[in-house]
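Several structures are given next for inspection.
First chain A sits with chain B, and in the next complex the same chain sits with chain C.
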Partner chain A sequence: MSRDRTPDSHDFPTRRYDLVKEFVIALVVVTVLSLGLAAIFSSPDEKAITMSGWAKADPDNLVTTAASELAGTTTSATYGAPYNSAAEGQKLGPIPLQKLGGVRVPVDSADLVLGPLSNVSGDPKLSAALAHWKAATPEQQTRWATAYTDAIGTAAADGEPAAGAGGEVGKVAASGGYGPVPALSTALLGLAKAGGLEGALTSSGNFYGGDQTRSLLLLSDGAYLEDQAVAQNLGGDQWGMMNEVGNAPGQPWMWLYTFWYQVKPFSTSDNADAEVWGLMMLLTLLLMFVPFIPGLRSIPRWIPIHRLVWRSYDRTAQRR
Partner chain B sequence: MTTRASELSPDATGPSELSPDPTGDPDSWTNRLRGWFEGLVPAGQALPDRQPVYVASWIYVFGVLTLTALVVVIASGVVLSLGGATWWHVSSVGHYVNSVHLWSVELFFGFMVIHLWGNFWMAAWRGRRAMTWITGIVLFLISIGTSFTGFLSQSNFSAQWIAAEGKDGINSIGAGAFFNVLNPAQMLLWHVVLLPLSVGLLTLLHIILVRRHGVVPPLDARLEN
Partner chain C sequence: MSALSIVAEGPGKYIHWGVIQISVANAIIIAVMVLLFILALVVPFPTHDDQADEGHSR
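Right after this comes the complex of A and B.
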């Protein structure tokens, strides 16, 4: 490391500078700016999606999601840490970072359906369906749920033809070895429509809610939340991480983090999140330790933008 | 512990009994702590009324603009906290205060980024100022975390979507096991206690370091004497 020849700032001639006056004027300016911008542009506040709203707007999707939770094929069911051990999770090179965190927020995806339904009383048909489900082996349960989700299928999209009943629950053949899964899924739809699903998922036996992990996982396992977000240009491939609803500014300081998700190899990688994190950590460390990195620390000398800052001082110094 | 009567007596006015020890007892923890405080910044430099002649550019204003924006962010956040986490959804006053909070945060980051890059192009880490630079970068990072938890604490559609998307990034490095973005109660506490406390303390340290070393001289500046 070359010797730092920077002189002591306290040895330079001085000029009057009123720090307190500067602070007070800046505070007034920033306060007025904040009050004015808030008055003119306000802030977005689009109401949270409710399970009832989801059930009414896209009942087929909620039923399909419920059946998929029972089949163990949803995103949360196959996620890995910190919710379960169903997958290795993302890696950074050979390091299984996601797995190393451990399963510290355990979530049984089938329980996102069965848990709330178990609390419903006075519905003999539902009680019979639950008893039928619990009496079956795990293999049988998976066969029923998978048969039902396959029968529902998906609508044609992105050049792919429709599958099964095209995603329309009402068109599914009445019998097809689904066991109690249609009854359970439809019961969850009814509970959601009635507005009781959030509370059943959030409270988890505690009077005080607060932890929305289970309800948010169920919501994001369905397509409705993402459909709403993509319609507002908030999708992951739409630079959504740094944007807000409408035209409001979100987190523009996340532009670089968001940028990497738009380009290869990250845009097509199964480990994109871990890789983008790793890259951003590396770049951050470089920025943080730039004072000690030869070459990087000399960039301001090579590209003399500093002359704009100190031009009046430089002129005076030249005259001397 | 007993106290001698002479120490509390109204007659005990002699300098040897009530004045601080003029020699400064080196074993006194109080004296040591005071000496440490007093040594943080050179005498007269904590709040000087003069600056080196080269401190004459608009770029220098962005540090204090960042600081004042932080004051507005905290003040509007404190007002929001009076009504609770969901007050701003049901009150026009609350919504306006939330808007002030949002826009002051946007200004805060705008000023901070200009301040950061201004200092980069001035190579402001020179002259044993590396720690000032590093605390600034760490402040930038913690501020991003603070704003992120704020967006997660909005209890609206944005919060739902940011949580659903953000969990994958946090979980991918194993941090989701300890920092659960799907738990708004945890995020709100991080947003209003842990992270602002960190930003406040680091800002204090950053400012002390700036006052300790003074404003970095121009590149290639030479003293005449």
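Right after this comes the complex of A and C.
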């Protein structure tokens, strides 16, 4: 039997130490700092973006977005998983990461428009437009909606000339084979202006009516939400992940993640989300295994910062 | 607290330098973090020897 060589803890030198004093001092310092910094810096208190705000600020964009949802050409309609199977989505090499997640939150883009409108009562014109839409074949519906979005067109931007009516709904030719699409889109605009669109979209999610998925999808398919974000420097190509509204500090620790989105090839890639995630996972693995990687593990020898930390101990050790 | 606020109000101030775009608030936070790191390295900490007279050893 080997002899136990662990020394008795009572043999070590001891010092008096007041743990309660340290705890109280730390609590007082953190409380004073928290209250003081909150008083000086406050916190961002940005008003929520609403459908009503969108409808009033940019009604043409809301009508165009509604028609595009009916045509199935919006970002969410062509997104793929988890909303639909319209695209493979983000891939890491041959691995279809986004598709592997499956369609867990099925959303029919046309339903973002037709769903809320179906709940409106006492509007014979709208009821007729809805009946007209439902009676048509899917091909006819797409033809109508596409003809209307093409007719609205887009304003001139980035050196591109204006298309269609330049994005102005009021200038669209009255007849052009749009079917009930103008009536449906305009009715959605009216519902949004009246403030009833959020409730109609969120009430269908879960029991408590707190599921914002559908209202956020509709909002993000339009230009209003992105314009607001870009104006606040929150865009993906503005290092937006790091930023907060106004002058409040944001999330500076996200610098490396958002950095990759600013440089090629990621800044011009449609697959940037998967690529940046893959790169960050690779860098995380490198960090985890630094002690085993030749070269990387020698950096402390070349740049001996730890000697600064241990300088006092080293001096004492040398004296002994 | 908003009456006392000196930061959250108004449009954000940003520094643009090539591909780098950073808010002044974030730049200050990062500068303070770097400063604290350097101070933690160079400021001498009390050692066991400094406190020997306070303690009891046997």
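Basically, the second predicted complex is superposed on the first by the 282 of 320 C-alpha atoms of A that agree within 3 Å, B and C clash if a C-alpha of one lies under 4 Å from a C-alpha of the other, contacts with A are read in each partner's own complex, and residues count from 1 in each chain.
To be clear about the criterion, a contact is a pair of C-beta atoms (placed from the backbone, for glycine too) under 8 Å apart; a residue touches a chain by one contact, two chains touch by 3 or more.
Being a predicted model, the structure only gives us computed values, none of them experimental.
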Touching partner for A:276 - first (chain B), second (chain C), both, neither: first
Greater chain A contact set [chain C / chain B]: B
Touching partner for A:41 - first (chain B), second (chain C), both, neither: both
First, second, both or neither for A:262, with chain B first and chain C second: second
Contacts of A:288 with chain B and chain C, given as first, second, both or neither: first
First, second, both or neither for A:247, with chain B first and chain C second: second
Partner chain in contact with A:90 - chain B first, chain C second, else both or neither: first
Touching partner for A:238 - first (chain B), second (chain C), both, neither: second
Partner chain in contact with A:99 - chain B first, chain C second, else both or neither: first
On chain A, positions contacted by chain B and by chain C: 13-16, 38-39, 41-45, 244-245, 248-250, 252, 305, 308-309, 312, 316
Residues of chain A that touch chain B when the two form their complex: 4, 6-20, 22-23, 26-27, 29-31, 33-35, 37-39, 41-49, 79, 81-82, 89-90, 92, 97-105, 210-213, 216-217, 219-220, 225-226, 228-229, 234, 236, 240-241, 244-245, 248-254, 271, 273-274, 276-278, 284, 287-292, 297, 300-301, 303-306, 308-310, 312-314, 316-317, 320
Chain A-facing residues of chain C, complex: 1-2, 4-14, 19-26, 28-30, 33, 41-42, 44-45, 47, 49, 51, 54-58
Footprint of chain A on chain B - complex, ascending: 42, 45, 47-57, 59, 61, 64-65, 67-69, 71-72, 76, 88-89, 95-96, 98-104, 106-107, 109, 113, 118, 120-123, 125-130, 133-134, 137-138, 141, 144, 147-148, 151, 154-166, 168-169, 171-178, 180, 182-186, 213-219, 221-224
Chain A to chain C touching residues, read off their complex: 13-16, 38-45, 232-233, 238-239, 242-250, 252, 262-263, 305, 308-309, 312, 316
